[in-house]
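Next come two complexes, and both contain chain A; in the first it sits with chain B, in the second with chain C.
Moving on to the complex of A and B:
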């Protein structure tokens, strides 16, 4: 599973859907590639390489206007959905050439998360299937440790096991009782995001305490894993 | 008019410009050659602030140093709404004091890393960056749960306070010290909200936000 060539064909969760808020740009990283995630005002989520095609500045410091993302450096506009450059302030009278486009990644919304795929032919049908009737997503926890070490520690020390045939990137608690599912986002060789959900709906009255307890447990595991990685 | 002893690139000076701009308080900027001139350590400036630090304000002869202290003073003296520093709310004042202390810790870590990288200060850069990340981790978790409770701001209130102004600049400038904010998405959403406060102004290294979507 540590084979990068294999991993690049897989889908990974990179953010909870509800954290891609209007007029915001999320900076994330998957397998060493930075991505800029942003939602347009109609609700469409874009996942682009975090790099302006013009001068290479990070698009994540740009402005989400609701219909396009504007680069902070020279103000070039890139349209939602297509990534097509639609306006160049230095040449206001000219239509930008069709070849000026952001690099788009495969992007899907599933189980309350945004999933992205860095491969050349992303197939949304290949998003991992979790047998869930309902779910509640938890706070994602950033971890200063490589994904293999995170998965290994969760399995050996924290009672998790692989939940799908997709390898060790999606894990669930072993044994009886309500399951917790952890979904790992390999950011790069040193950092991993631990996304989480529980396979049920939570009553409004219990929601905050459930979120806090889950976050507390995952944070404790994160601390232990980071100590082991240091 | 209030005089602000100021350095353009200082986040601690900027936070005072920011609050005075938001409150509509006119002020005069007295530029101090912090770098490379080290004018804040000059004999004449040490008579104004014996600690040799910026910022300092002079409000008609009342001289006050320390960015966080000046925020308290400005809000008490010039904010008729009372919302930026709610003087009658014990819990809010406690929370604000706590986050003002955190702002000083952010200065000692994230800002120190920036001074090391851009102005060549002799600091332990690994320690500065690790300290900043430890604080940002706490900040991100706090802001994430604040959002879940329906609060946009640091002190669990419906209106921002001077605590938000105090913590904002050196969080926003952290990448100039090699401290990435990629692991802190809730912090990014909060900094976007700060940038949308009416009267918000920028400084070098801190850009504005796009307008919020109209409801």
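Moving on to the complex of A and C:
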């Protein structure tokens, strides 16, 4: 099995939970596939292929009403959870055929992140397990470099090592003391997002300075990696 | 077809709009692209016929009609589309603007044909909730090739710059070439006559186009500037939608995107492109869904 086929079966973080707020839709990309993320008013997060089944318009420019997502182009409604089309304004008296549904991706909330899985049989039990009693998520950093190169530089030049047996997408700092964890999101063949967390609860009073420090460090690594990739 | 152009004769050997003559007169020289090829259109002060230089070093035939410069990259095998309305003395013939869009020109043609987006994308002007229903209309093929949709009716709050109240507007759409579509729409003051809007879509590349809009409006109380402004405002509402369509090329396989009854015209357009083996700007069946 190729790396790409393998990766399709894995779960990846694509956003921090707190960024997926109600009545909003967010666009993300994983392994070259665009997804629309939106939270309904009961808290359920949907991750759908970012195209309306009707005429291909990005669902991420649609309207989150709290219980369904409405496409901007012709106003079709798609229900939360099932992705079923429930209303077609051009034919208001007719029930939309059952076959009209958005393409749904596996989606889970774990460790403060939204994780998605592009495979046909996403198994939520397969979301990577991190040994964490508590955690604080950091700001995610976009990197103009392929995921392999990002992982390789983090390991070779920045004192990180794989945190799980599941490959190089989840890394932690080497050595003793409190570890920082980096989660890599391969957007496509050229771009990667580095998500970060630290395995402890940060007191509110310290939050800003911890975030600043972490962000400064990841940004420096990002700059070094992009220079190497260029 | 010159060797290696890769573009089907139906497009390569036909005329396409590449510029407004007014714009060319002002600038003297316009560099643009057609079907993926770069060209320069120039106006010599002794001649009204522009000359076209291709990046390959060759030249191409050009004509001026309806206020636009038309170019054929191959060997012209038919005339420029005929619009009898443009000869009417009581009409404004307006070049309403040329709009660049990062999407296949075939998607732009289809959008123009589409009634069910009017109440959403052009809310308050060409449609409005709750008047979203698209009644059944008729679709047929044209004797010279192409698609015609008749008996189209749609409620419009402000169908033109002179309309003051909403009413059901009658439309007839005709697609006469893969990248050319025209619309006849009942005039709000004299419903026995119609205003005409034509789109000449310039396929810049497979995923980019320039939409050139021609209006032949009856001379009501209307100024040319008002017509232009209205058209631009309407088009600015379409552009962000078109640029958010994935994929950018038009899929011709009927299973690629789900049509409903209101899409009968768009479905017929896609079928007609498929049957005519038009591939430029399209995703043909044989390339999957």
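Quick note on the criterion: the second predicted complex is superposed on the first by the 228 of 230 C-alpha atoms of A that agree within 3 Å, B and C clash if a C-alpha of one lies under 4 Å from a C-alpha of the other, contacts with A are read in each partner's own complex, and residues count from 1 in each chain.
Here is the rule we go by: contacts are C-beta pairs under 8 Å (C-beta built on N, C-alpha and C of every residue); 3 or more make two chains touch, one makes a residue touch a chain.
Quick caveat, the model's predicted, so the values are computed rather than measured.
Participant: Which partner does A:100 contact after superposing on A: first (chain B), second (chain C), both, neither?
Facilitator: In the superposed model, A:100 contacts chain C only, not chain B.
Participant: Answer with first, second, both or neither: which of chain B and chain C does A:24 touch in the superposed model?
Facilitator: It touches chain B, and chain C stays clear.
Participant: Is A:55 contacted by the first partner chain B, the second partner chain C, both or neither?
Facilitator: After superposition on chain A, A:55 lies in contact with chain C alone.
Participant: Can A:72 be said to touch chain B (first), chain C (second), both, or neither?
Facilitator: Both chain B and chain C are touched by A:72.
Participant: If you stack the two complexes on chain A, which partner ends up touching A:64: first (chain B), second (chain C), both, or neither?
Facilitator: first
Participant: Is A:91 contacted by the first partner chain B, the second partner chain C, both or neither?
Facilitator: second
Participant: Regarding the shared-chain residue A:135, is it in contact with chain B (first), chain C (second), both, or neither?
Facilitator: A:135 contacts neither chain B nor chain C.
Participant: Among the partners chain B and chain C, which is in contact with a greater number of residues of chain A?
Facilitator: In the superposed model, B touches more residues of chain A.
Participant: Which positions of chain A sit in both the chain B and the chain C interface?
Facilitator: 34, 61, 72
Participant: Considering the complex alone, what residue numbers of chain B touch chain A?
Facilitator: Those in contact with chain A are residues 137, 141, 144-145, 148-149, 181-186, 188-189, 192, 207, 209-213.
Participant: Could you list, by residue number, the parts of chain A that touch chain B in their complex?
Facilitator: 15, 19, 21-24, 26-29, 34, 41, 61, 63-66, 70, 72, 139-140, 142, 191, 193, 207-208, 211-212, 215, 219
Participant: Would you tell me which residues of chain A are touching chain C in their complex?
Facilitator: Residues 34, 50-51, 53-58, 61, 72-75, 88-93, 99-100 of chain A touch chain C in their complex.
Participant: Mind pulling up the chain C residues that touch chain A in the complex?
Facilitator: Touching chain A from chain C are residues 110, 114-117, 119-121, 129-130, 132-134, 240-241, 244-247, 251, 257-262.
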